[in-house]
Amino acid sequence: MINVGIIGATGYAGNELVRLLLQHKEVSIKWYGSKSYIDKKYASIYKNMFQLVEDVCLDDNMDQLAKEVDVIFTATPQGLCSSLIDEEILKKVKVIDLSADFRIKDVNIYEQWYQMKHNNPSFIEKAVYGLCEINRPLIKDANLIANPGCYPTCSTLSIYPLLKEGIIDGNSIIIDAKSGTSGAGRSAKVDNLYCEVNENIKAYGVATHRHTPEIEEQLSFGAGEKVVINFTPHLVPMNRGILVTAYGNLKKEVTYEEVKSIYDNYYEKEQFIRVLEKDIVPETRWVEGSNYVDINFKIDTRTKRIIIMGAMDNLVKGAAGQAIQNMNIMFGLKEDTGLLQVPMFP
Amino acid sequence: MINVGIIGATGYAGNELVRLLLQHKEVSIKWYGSKSYIDKKYASIYKNMFQLVEDVCLDDNMDQLAKEVDVIFTATPQGLCSSLIDEEILKKVKVIDLSADFRIKDVNIYEQWYQMKHNNPSFIEKAVYGLCEINRPLIKDANLIANPGCYPTCSTLSIYPLLKEGIIDGNSIIIDAKSGTSGAGRSAKVDNLYCEVNENIKAYGVATHRHTPEIEEQLSFGAGEKVVINFTPHLVPMNRGILVTAYGNLKKEVTYEEVKSIYDNYYEKEQFIRVLEKDIVPETRWVEGSNYVDINFKIDTRTKRIIIMGAMDNLVKGAAGQAIQNMNIMFGLKEDTGLLQVPMFP
Amino acid sequence: MINVGIIGATGYAGNELVRLLLQHKEVSIKWYGSKSYIDKKYASIYKNMFQLVEDVCLDDNMDQLAKEVDVIFTATPQGLCSSLIDEEILKKVKVIDLSADFRIKDVNIYEQWYQMKHNNPSFIEKAVYGLCEINRPLIKDANLIANPGCYPTCSTLSIYPLLKEGIIDGNSIIIDAKSGTSGAGRSAKVDNLYCEVNENIKAYGVATHRHTPEIEEQLSFGAGEKVVINFTPHLVPMNRGILVTAYGNLKKEVTYEEVKSIYDNYYEKEQFIRVLEKDIVPETRWVEGSNYVDINFKIDTRTKRIIIMGAMDNLVKGAAGQAIQNMNIMFGLKEDTGLLQVPMFP
Amino acid sequence: MINVGIIGATGYAGNELVRLLLQHKEVSIKWYGSKSYIDKKYASIYKNMFQLVEDVCLDDNMDQLAKEVDVIFTATPQGLCSSLIDEEILKKVKVIDLSADFRIKDVNIYEQWYQMKHNNPSFIEKAVYGLCEINRPLIKDANLIANPGCYPTCSTLSIYPLLKEGIIDGNSIIIDAKSGTSGAGRSAKVDNLYCEVNENIKAYGVATHRHTPEIEEQLSFGAGEKVVINFTPHLVPMNRGILVTAYGNLKKEVTYEEVKSIYDNYYEKEQFIRVLEKDIVPETRWVEGSNYVDINFKIDTRTKRIIIMGAMDNLVKGAAGQAIQNMNIMFGLKEDTGLLQVPMFP
C-alpha cells in the first residue's frame, strides 16, 4: 500500500486526485493538505466525498509529510512546491508536482514567462517532465516529477510524432486550444462566475500564455531543433475538457495512410491514447472523466497544411490522472492501476 | 462470470449500463441489442467506447439471447419487454426491465396512465419492484425485476420512512421534481435540441406524468393506506441529475432529532443512501456519476410542514446503477460490485 | 427628458437598468453610481456598453444626485437606500428602490427575516410597493417606490387573483420556485463560480428565504386575511429567468373555464401579463429579455389542488423592467415606454 | 411602411427576423412562410411571440407574395431561393436571400463545395453580396441581395482591412472559428440534442466547410489576388455567438499603433463595428442580441504573426440583423433603424 499526501487538496485538481485515488487499490491517502481550510472536514468542502472521506484538512508541513507518506502530490500555485523541497525531503519521499515549477528546463524562460524568480533552480535538472508516453523510462527512476500542464499534454501528444518524423514545419505550428472552466481553478473571481462564463467564448492570454514555452520546449525536443509557435487558449462554457486544434505546414506531400501509420507506430501500444478512425473528430464529451487522449488529423491538400486535433479531460490526463499514471510508473505498478474509468457520457 | 445481454443498448440508459458493466469485474457483456443500429459498431454510436467495445449492435432475438446470457437488461420503450417474455424465457434467463411494463401492480392504473393495453398482465404479479433498499429480500429470489423509474426511486427513498413512521399525512404530499435532460432520452425531437433546453426551465406532464401512479403505489405500501399525491417534474438545462423537493403536512410536532433518527434507522446501513448533516441541502452535483442518493429535510414550524429533498444521478441510481445493484442481489454478489464510482465533480 | 441616476449601476440589475434605459426615448442617464468602481469607465466593467456609455462610475452622493436628476434607482444591498434618504431628498427627487428596504410594511417582520435593524422605519409607510398591475393608482402619486423582489413579483402576480376570488385556501399554498443565476448577483463567491453552478440544481434558503414574508404580505392583502406559505427557491444553471410552480388547495370545485375567466378578468388589459392558452406551460425561454410574465394553471381533480405556474425574466419584470414601468407610471409616460423588447429566443 | 414577407419564418434565423422586425418602426410583416407549419399559428411554434403575432404560417407562393409585399426575406435551405425567383418576381419585389444561393460569384466553386447543381446561375451576377460595411453603394441599388453567411461576415470584417492594406500574407491565413448552436438550425437531429452538445466542444467540416470558398472569395476581393485559407469551425455549448480567431503572417514589421489606425480608418464611422481598446479581447457575451461586431488584434513579434479576433451574434449581424441592415440601405432608411438593441448581458 502506497501512502499518499496531497498538498492543495481543495482545488479542482486536488479533488480529482482524491476522486481517482479513492478508486486506486494500492493507495491510501494520509494527508489532505489545504492551507485555506485547515481543520475543516474535507467532505464539508467537497460534498461528493461525504461518507467517503472522514479526514480534516491539514497545513503544509513538508517534514512531517515526508515521514508519513511515500509520495506527495502538490496541486498548488506556482512557486510553492519549489519552495518546499530540498535534498533531505527527496531522500525520504517522492514528489509529483502538478504546478509548473519544474516543467521548463531553461530557468530564464521560466522566469520570463512566469514573471517570478525561481525559488530552487538547482532541482530543475533533477526533475523529470512527466509526460508518460514520452518519458516513461526516465519517470521510472525519478523522485521528482514535473507533471505536465493540461494544454502542453494535449498539444504535445497530438503534434510531436509528426514533428519528430519530419512531416511538418515546427515553426509553422499554430495551436488554437479550447478549455472547460475547471481549468481556471476554484478561486472566487468575477471572471469565473457562472453568468460571466456561460453563453460566452473568448480567447485569453493571447500570445502570452505561460503554457507556450512549455509546449515549445517539448516540441523542440521532438523536432531536434528550436520550435517557436503560436498558442491561443479559449475559455469554453463547460466544466471539463480540452480540445486542441493545431495547424502545421506539411514539409512534403503525404497521404492519409502515411500519417496514420506514423500515429499508429507511436501510439498503438499506448493504452491511453486513441488515434481515431478516418474523419472522426475528437470531441471532449467522449473522454470525460477518463485518462484518454483522442487524436485525429485531416490533410488539407489545398493549403498544404495538416490540421491535428486532440481531446482529453483537463482534470484527468491533463492533471490528476497523469499524475497518478506517473506514480504508477515510479512505484512499479501496472500503469493503468486506478485509471480504468470508462468515459462518462452524457 | 455473469454473461449479460442488453436490449436497448443505444439509449442513454443503455450506454450507462455499458459504462458501468465494463467496470464490473464479474460481468461480460455478450449482446448489444439495438434495433435502430443493427450491424453498426457500438463504438461508432457511442464514441466514448472506442477501443473499449468492439462489438456490433444486434437485433432483439429473445430466444437466442436467453440461451447465450444469464441476465438481460431491457432499456427499451414501454411495451417492448412485456411483449418479449414468457415462461420459457424466464426459466432460462433473468430479466431486469428498465421500462415501466411491470412496475405498477394494478394493471388498470397502468393502462389508464400509460394509455396503452398491457401486453402481458399475468407477469405483473411475478415481477419484483426493484427498489433495492426496500425490496431486497424479494429481489434475491426474483427472475423478473421491474427496475423503478428515476423519479419514483428518488421520491420513494426520500419520503417513505416518514410516511411509514406516521410523521406525515400521505395525502398532503406534493412532489416538485427537477431532472437533467438525459431523462428525456436520445430521440431526435425539436423539444430536446440544445437551443430549446438551454437557458430554460419548464414543468411538463403537469398532473398527468406517468411516474405519479408508480410513486403513489410505493408510498401507499409504505403508508399502509392509499396515498394520492401531486407530482410535477421539471426539465433542467443539465445532462444528469434528479432533485426531488417534497412537501408534507406533519401529523404531529416533531424535532429535528426525531426525524433524523428515523432516517438514520432506515438508512444508516444502506451504502448508497447518504442522509446529510443538518442544514446541508442535497445537490445533484455531489452525486454525479455515482449510485448515491443524498437525502435531507427541513422542518418548517411556521407551516407545520416538512420539506424533504433528495438528489441522485438519474442514469445511475435512477436507471443503470440500480439495475446493476438488482443484478448483484439476484446473483448473490456483493451489492456494491461495480458500483463504487466516486461522484465526479465538477 | 427625465434625468436618471443609478446607485449600484455595476450589479446585474444595475446593468439591466442601463440596457433598458438606453433604449428609453424619454430618459437620459446622468449618474452611474458604483462604490466599487469609482472613476472607472462604466464600459470597461460592462463591455457590452463599449461606445454606448462613455461615463465613469461615481460615488454615492445623494445630495448632489438629488440636485442633478429627476429619479434615482437604487440597485444596492439591503440597508443602503434606507440609510440615504430623508424628507429633503424626497422633496427633490423620486426614488425607486430595488432593494428590500421598504417592501415589507411590518418592520418587525423585516427585522426578523433580514436579521438587521431597519435604518429608517418612518419611510416604510410612505413607500409604495411597486407591483404595477396591482398598485398602479398608488404608484402614480408616489415619490418612493419599493420595487418588488423577483420571486414575489412572479409569485404574487401568478397566485393572487385566485386568492382574491376565494378559489384557493391561502394557508395551503406551497411555492416551489426556480431561478437563473443572475439572481445571485455579481459578487465573487465560490458558490457562484461556473463549475459550481453548472450541471447542478439545489434548493437554498429552505424555509428561511427573505422573500417569504414579502410574498406572504402581498398574498395576505389579496386574500384579506393572514396567509402563511411555504416558499422554496432553487438555483438553476442558466443566466436569466424565474419559474414559479405553486400549489393550492381548491376551496370548491371549479372548471378550467371558471379559473381562466378569473385570470382574464384580471389580466386581459395588462400588456405585460400573458395568460397562456390551455395546457401550454410557462417557460422562461419565451420571456427572456422582455418585461412579460407568462402565467398558466392546471386543475388536478384527483388531489383537489390547482397548480399555478408563472415565468418571467428575473432581471426585467423581476427588477429593472418593473422599476422602469414604475418610473413610467410616476412620470405620466405611456407605461410600456422603453419596455417593448420582444422576448429573445434562443 | 414597408410590407415584408418571410419565407422560412420558423427557423432560428426566421424567428430572429420576426423579433427584430417587430421592433422596426417602418415595417409590417405580412407573410410568415413555413412549409412545415402551414395553417399553424406562428405563436404556437415560437411562443415568445404569443400575443405579439396573431398570424398563421403560409405556404411559399412567390407570385402572390410578390404582389403583396415590398421585400421578401428567404431564410431557407440552399437551393430554394434560386428556384423561386425570376425576372418577373424581381421587377415587383426586392429579395434578400439568407441562404448561400447567390453568395459565391464563381458558380463552379459553388457547385463543387455545395455538391449540388445551381438552379439559377444567371442571377448570381445580379445579386449583390450584402456585406453592408463593404458593399454599401452596390446594396443601395440592388433588388437581389445575397446575405452573407455568419462565419464569412465575422471573418471578412475582421481580416480584410489588414489584407487590403498589405499587412498580412493572404495565403498564410488560418481561421479557427467557434459558434453557438443556433447556427446548426432547428432541425431534429441527434447531434444537436441538448445532451450531445452540452459539455462538449468539437470541430466540424474540417477542411470542407462550405463557408470556406465564400470567405476566400471575399478576402480575395480585398487582397486583389487569390487567397486560399484554412477555415475550421467549432461547435460551442451556447445558444448564440460566433468568435473568429484568425492568424496571419505579417508581411513587414508593424506596431500596434499602425495596425490600430488601419482598423480605425476603416471602421471609425461604422456604427456596428467596434474596434476594441488595446488588449481587450472580443467576447461573444458582449454583443449578444445586438448587431455589433467586436474586433481586436494582437501582434506576436516572436512568431511574426498577428492574431485577429472578431465576435458577433450569429443570428443578428450573422443573419437577420444584417439582412435588415441591407433592407434599410435598399429602402433608403437610416441604416440602424430597428437595429439599436443594446447587447444583453448576462
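For clarity, chains are labelled A, B, C and D in written order, and residue numbers in each chain start from 1.
As a working rule, a residue touches a chain if its C-beta (ideal position, glycine included) is under 8 Å from a C-beta of that chain, and two chains touch if they have at least 3 such contacts.
Just so it is clear, the model here is predicted, and its values are computed rather than measured.
Colleague: Among all other chains, pick the one whose mean CA position is farthest from the mean CA position of subunit A.
Modeller: Of all chains, C has its centre farthest from that of subunit A.
Colleague: Go through A-D and A-C and name the pair with more C-beta contacts between its chains.
Modeller: Greater number of contacting C-beta pairs: A-D.
Colleague: Take the average of all CA coordinates in subunit A, do the same for subunit B, and state the distance between these two points in whole angstrom.
Modeller: Taking the mean C-alpha position of each chain, the two centres sit 36 Å apart.
Colleague: Roughly how many whole angstrom separate the Cα centroids of subunit A and subunit C?
Modeller: Their C-alpha centroids are separated by 46 Å.
Colleague: Taking each chain's centre as the mean position of its Cα atoms, how many Å separate subunit A from subunit D?
Modeller: 38
Colleague: Which parts of subunit A, given as residue numbers and ranges, touch two or more other chains?
Modeller: Within subunit A, residues 12, 182, 195-196, 198-199, 237-240, 283, 285, 288, 346 contact more than one other chain.
Colleague: Where on subunit C is subunit B touching in the complex?
Modeller: Within the complex, subunit C touches subunit B at residues 171, 174, 176, 178, 180, 195-196, 198-204, 206-207, 228-230, 232, 234, 236-241, 243, 245, 247, 281-285, 288, 298-300, 302-303, 305, 307, 309, 311, 346.
Colleague: Tell me, which parts of subunit C touch subunit D in their complex?
Modeller: Touch residues, subunit C against subunit D: 12, 15, 18-19, 22-23, 46-52, 182, 199, 239-240, 274, 276, 280, 283, 285-290, 294, 340-346.
Colleague: Show which residues of subunit D lie in contact with subunit B when the two form their complex.
Modeller: Going through subunit D, the ones touching subunit B are 12, 181-182, 184, 186-190, 192-199, 237-239.
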